[in-house]
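Presented sequentially are two complexes of chain A, the first with chain B as partner and the second with chain C.
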Partner chain A sequence: MFWKSFLGKLFFKRKKQQRLPETGNETENNILQENMPSPDPAPAASANLSTDLDANVARITAAYGESADLVVREMETATSPPIKIAVFFIDGLVINLAVTEGVVAPLLAPPAALSAQAKPHPTFFEAANKTLLQIGEVSEAQTFEDIFTGLASGKTAVLIDKNSRALLTGTEGWKERGIEEPATESVVRGPRDSFAERLRGNTALLRLRLKSPRLRIEEFQLGELTKTTVALAYIQGLATDKLLQEVRKRLKRVKIDGILESGYLEEFIEDEPLSPFPQLLRSERPDRVAASLLEGKVAVFTDGTPFVLLVPSFLPEFLSTPEDYYERYFIGSFIRLIRYVAIIISLVLPSVYVAIITFHQEMLPTELILSIASQREGIPFPTFVEAFLLELAFEILREAGLRLPRVIGQAVSIVGVIIIGQAAVQAGLVSQFMLIIVALTAVASFATPVFSLAITMRLLRFVLLILASTLGFFGILAGIYTIFLHLVSLRSFGFPYLKPLGPVMLSDLKDTLVRVPFWAMRTRPRLVAPRDRVRQAEGLKPKPPQHRERDDAKNKGGDGA
Partner chain B sequence: MPLFIPRPGLWLRNGIKILVRLCPENKIKPKESTRGTHPKGDDRRGQRRPVEIVLILAFSLVFMLLSCSGCWDKTEIEDLAILTAWGVDREENGDILASAVIVKPFAVAGKTGEGSAPPERPFWLASSSGRNMLEAMCNFAAFSPRFIFCAHSRFVIFGEETARQGVEKILDFFERNREPRLTANLLVVKDMTAAEFLKSEFEMVPLPPEGGLGLIQNATRRLGTVVNVNLNDFLIALGSEGIEPVAGCFEVIPKRPVPLEGELERKEIIQSPVINGAAAFKDDRLVGWLNRTETRGLQWIRGKVENTPLLVENPMAPPALIGVEVIRANSAVTPSMVKGKPHVQIKIELEGNIEDAQGFFDPKTDPAVLKNIEKRMAAVIEKESEAVLHRCQQELNTDIFGFGATFHRSLPQTWDRLRGNWDTEFPRLEVSLDIKTHIRLSGLAIESIKKIK
Partner chain C sequence: MKPLEGGKISPRQLYTLLVLSNLETTTSILPSLTVAIAGRDSWLTILLAIIAALPLGLLAAWLGRRFPRQTLIQYSPKLLGKPLGFLVGVFYVWFFVHITSLVVRETAVGFNLSVLPQTPPIVLIIILVVLSATTARSGIEVIGRLAESSFVLVLFSVLLTLFLPLNFAHFEYLQPVLARGVLPLLPAVLIPLGLLSEFVAANMVIPYLSEPQKAGRTLFFTVLTSGTVILLFTIIIIAVFNQTAQNLTLPPFQLARIISIGNFLERIEVIVLAVWTVVALIKAAFFMWIGMLGPAQLFNLKGYRELAYPLGIIVIVLAILSYDNFAAAVSFYTPQVWGVYSVTVEIGIILLLSALALLRGKKGNTLRTTEN
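What follows is the complex of A and B.
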């Protein structure tokens, strides 16, 4: 029992993580209203609208505390009797022209036919909804909460006297970043568009790629104050219900004041919160998200960030890039193999060097060891300290270059690499070999396509370095075994993290270490899309034209002549 | 004197104790009287949050590891004296005198040339004695500021006198100790002690062991009149029955001090080694030297010739010579009993290319001339083989060919009878040679420059 719990601690396996009480059957759109007291000083936001317009207006303005960007327009129609109307919107989030021409103008001056038979107010509400408002998207709101959310997402709220309902018109429009090239996943060959911050634009990019109506998008609102929209995208029939339910369940658990990036969500919904490994792949490329959906995965969009989470994710996918599929498969496979080599180098190279130099000097060829020994002459630090200092210096340099403007960042790397490195060697602080090792490791770690995995490796590299300097190869092996034990115990939304290497799945190996040509990839990955596995017709491998056809063609040509 | 003695076992025990206490299942209930009320409420008493446990665990593990550092086998590379060759002699009183070539890494080429200081010798020659190899090696510590590290030793060299007295007691160290490699070459120095021999230097190569290694490889691949024996081969031959060991042989040709010009500041090379022939052992004692012809004969019989020049008389224009470069040679030794007497048949088959032809030579005019050359080659090989057979059977009485071992392998019952008196049977052993030679190519030309006889 003890060992079980000890190992459990060691590999961060915790069954009962949930501290918040499991919430029951909520509707998907307002999961936050239950179980959480509203911090608003204004009247409870979930309260319904009253029929008294003035009271409603007062409550809304009170809720916003007279914020400068809230625009309130109270007006009366030109009918007799006049009908009192209040229009709310938040300046900067709406297209002013749309509000003026689509909402205010038609309400103020309804057509003569309508004004002639100006009837009691409930009818005018219907008329406004059905005929008057010249806006594409109009929805009804019953509660103040709905109005607040609507206003914050750029809708214009229309309140009509004697009605306990409001109309939310889609007048959204604000300055937003355009579609640019992906900053973290650039490719030589492949589409150049990437997600931006706004959710709707992002789902549109996905919809453009997957035109089938089977692409479903479900939305949640998370974050008590930010009211961030989180969307699930999946392909009906490919994503299993079990996976979808699990994703929904985990998302609904999240009760937090704000979600500003998908990283917030990631830490709430991943399986092993104490693992150093990233368990969810994030991408800002629509093509990559589309490809994942085609394999039966679920994408989690978060409003306000271009990074989309893909669930479930497996370790081998962190070493693949969209370009593997766009270049010819020989190249794709070769580059992918190189990435595996690079990640191993970035994990173990400094520790192997330290272990050999301090414990296993007999493992190197004599010439090499003499060369290293001659460079180590006069270095005041032990090899481990030398390695640790240089690695640390490199991390600092990288961090410094990352945060600075690009132009200055280059200057930092030049200063760091050339001046510090060269000077340190000449001053006899570090040896040239160590510099080579650290530089090689750094370059190898840049070859890992997903940044979150690269930094995990960096972290583990330091652990292995300490192990190597105390126990030599034995320590490295112990560390690597521990890492592997941890990896095979990891799950991503219940799926083994090392699939298809962890439980070996021969059919899925076609797209792991190498990428086989498309005509050989007939089936989708096994665990994720168990129902509809076949993705292409049989026998699509291109063949040269048959001899008989050629003969036929020749004969025909002869006839013609 | 370390004040802090690392005790990993103790730490492990204490660490496990701590872990047991940390695990929620084994929680020790706190006593009300000692603890009082917990500031954060009663429900948290006696419980630790998982993050806390993991942090404590991680810190204790890292602490245990870090405090272990410095013990066990850790040695920084600059604290090692990298030894590249052993020379072993026996002193008058029977003690072992171990000489070592220790490389000075800072003086190895690549770092020299800076400043005006004259480059020093890149190696340090040191000797130490002891009653056995281990003691001799440990005695180095008395005067070497760095730890002797012999995993990179390329040579074990014996002086002639030592080899004649027997080397078994010395070799056990090399077989048993963890550091020395069994791939180190084993050689005996002719007419010299090993300590004296190690003073020699090579042209072109600053480090003597590297030079020696180059010499052996070069001679094996191009010349074929040497044996390339490493510790492993020697120990196997020494430990098996029906075969006696051989070892390589170094000789020193004294050089007159010649002023050398050039960039190297070494003014002179006083002694320079050549590699020559082989040392034949009986059991663990050196019994005699084989000259170059005999050594090549030995290599023909053992099938170990890689590449060697073979000179025969040009049949079309005697006494001019034709040089054949042997490119491939194999041998097969078949033991048998003929009329109750042991008999060995040796089949040697080799291929060569004509690389040098003097005088008139044009195989197009008479194809039979190639057969003639092949026959003459076979004659040379037969002569050389018979020379070494005669030497070993009649003079040295040592079975370095391993004929006994072939009987042991192929005719075990016969060997049971022969084993006891192989020393008397071996000189009487009948050996028949069956030599097949082939000429494959004639180089870039067919006929010789001189067209007319």
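What follows is the complex of A and C.
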């Protein structure tokens, strides 16, 4: 008996143990299924409207549950027989005046001519659509899904009894951040407007700059729950079909519950997810987006963010700003060259310093190395540790200053300057030279106009620092070669990322390291199909007037007479 | 069937690739080698080598164009029959793998001699081989782009090392010309000829050219450019160092070391070393690519990229075994050893195959009907 029960227990236990994970899996699966983004809160949202108004109203209110911001107005027209109407909108997303005067008032009191023959079926629906509603944009909706999407984007839904259709009227209007100066891409000379959060306003800013009907805007809805509108903007004829198809294909691949920023999209549509380099340029400046479209690119707008993705993007563009084109070309070119120098400094300067101090002291002039050596006398750490600590402190300081409220942020930077700058040197923790190097690196990294590239450089700087401290110059060289190799093999939407430096394209070099004057920029970059490449007339280079003496003489004669 | 190598390379990329490959070896060791044999007349040996290499370049391009869709590995069995053609292919591939190991070793030695005296060479060799194998894995397209985009930088640094030490140059060291007559020079011609003829690597690339009709022009200008640079280099090295040039290790590095202008433009040898290392990496990657694609075609493999790291191990071993020190390297690069070896493999194969192609009237398919 004992044996049996013991064995039975054992067996039972074992069986239970075997079974448990299975049931566990099942519940997990269930949870997963429940967590999967279901199409909509109401089970059959894609269902069509019925002809029964009360049923429709019940269904919509049920779908929104107890949501306080859904406004339902059920009313009857002043006609005989009265027609039942229901009006839905979401409070805060609509202009109340427009709903009152444009939708509700005309429906309640239809003109006498109409009310005489009014009947609660298609005639009244058509009349409401064609003559009654005093709203610019009116569209028809067949399904609950359409109504939900419309309501959430600020439309007012009008349901009329005995009709299995609804009218969506464009009453949208809400408190919106106005057009402000761009926060991340400021210029000295150039337009000051920047995109805001709402997609329609952003495309409007673009349309104001590109007035040709060839500017096309295509919209998708991505995100199962957020239903974020994503818009492709391009100039028909300049953006190649191949590129457009590729962008559409990659965007349609995205199946996710929500998209709140273009960064979500960026990670889904870029070519090489494992690369530290930003593969898509983002901009909040309408002028920059317009300029990119003129070069045959595609802009991806995401509702809810001012940042627009430019597809495809190339590394040299991350080092250019719109201002390069607004200032005269000497200045633009010079500033751009400075930026190239700055980004190289921000990448390699600390590691070069560490390599020289650790391995190759002979490379510096004797006086300099002696003065560095005397400063380093009392410092307890090797150069690498010194550099690493200081760089880390600086990164922390920068991050702290960035996130704090502006008033406190200044305090942080003062504390940082005093502690890191003065006290650390006096306490003998770091040498003054190291401080100069780190400060120079930091300043240089601020000169990179696109933040995402600056972060990449910050990241790679630490890798190079480690390489430099282990293998000196050879390590730095190996690191830079690897970065170079990676960049050369990287592609952005099928185009080489380092273009026109990667595969060298002589005609595109005119706008890379330097910017040639506009009259010399006759052709668009090699992104565009060859037949559309010419962008301006020939011989636009300005010249002084030909017959100056004669003009002078004429003027003099005129004066005399 | 998918082609082994799907990439395309432009004639300009091939040109920069070949010029860089040529410059790497020629500038690093050649001047001291030729000076050791031909003394102050060694620039004449280079001139002769250029004159000999120019028609050979055109011949190699002609041969490659005759089989526009095939590499040398693929058409040598057609011309020589299967066993012999296979053997020629093996020699051809071996030669480039061997050169890779020499390049890697020279670079490691260069670092040992200059900035990292205490680092064991094997560490440097392993890192260099890993880098170049990774590059080779990315295919000819990436290698071509690397060469193309670093070309201007390399040329700039070459010109820097050529012209900045001019204030130390004594051109009277070049006189008298031909004091011992022409005959003693002739064996010395083999060394630069063997190094310049590395353009036969193009016979593996011609099927992947985007504009194959420009192959001849590309090879011609390759020889002309790299020949001119190495000619100038030799002249300046003799003018600066006179006969001591034969004892120099890494002449460009030594040239850069003596640069001193206005008491501040000094010690720029590290820049030269850095550029030279990048060139060495590109050359090693290019030749490793041949060393990978060649066997893949010889044995009808389905892919060649998988061979990168195994081949890397072979290269590491070869690089360690190749010689003990720089003096031993110099004794390898003599006309009797290196001259005969390189000229046989490079020029011998091209001459043999061209003659057979002409005599047997064989041609490759120009159309895309049979893709190999």
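The working rule: the second predicted complex is superposed on the first by the 503 of 561 C-alpha atoms of A that agree within 3 Å, B and C clash if a C-alpha of one lies under 4 Å from a C-alpha of the other, contacts with A are read in each partner's own complex, and residues count from 1 in each chain.
Heads up, the rule we're going with is that contacts are C-beta pairs under 8 Å (C-beta built on N, C-alpha and C of every residue); 3 or more make two chains touch, one makes a residue touch a chain.
What you see is a predicted model; the values in this text were computed from it and never measured.
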Which of chain B and chain C A:371 touches, first, second, both or neither: first
Touching partner for A:408 - first (chain B), second (chain C), both, neither: neither
Broader residue contact with chain A after superposition on the shared chain, chain B or chain C: B
Touched partner set for A:496, first chain B, second chain C, both or neither: second
Partner chain(s) touched by A:359 [first = chain B, second = chain C, both, neither]: both
Touched partner set for A:473, first chain B, second chain C, both or neither: second
Contacts of A:481 with chain B and chain C, given as first, second, both or neither: second
Partner chain(s) touched by A:379 [first = chain B, second = chain C, both, neither]: first
Partner chain in contact with A:504 - chain B first, chain C second, else both or neither: second
Touching both chain C and chain B, counted on chain A across the two superposed complexes: 359, 362, 471-472
Residues of chain B that touch chain A when the two form their complex: 19-20, 22-26, 50-51, 53-54, 57, 62, 65-66, 68-69, 72-78, 80, 82, 84, 103, 105-106, 108, 110-111, 149, 151-152, 154, 179, 181, 210
Chain C-facing residues of chain A, complex: 359-360, 362-365, 471-474, 477-478, 481-482, 484-485, 488-489, 496, 498, 501-504
Residue ranges of chain A in contact with chain B within the complex: 1-2, 5-6, 9-10, 12, 14, 274, 357-359, 361-362, 366-367, 369-374, 376-379, 382-384, 466-467, 469-472, 475
Chain C - residues contacting chain A, complex: 10, 12-13, 111, 115-116, 119, 123-124, 127, 131, 134-135, 138, 142, 144-146, 148-151, 264, 266-267, 270, 273-274, 277-278, 281
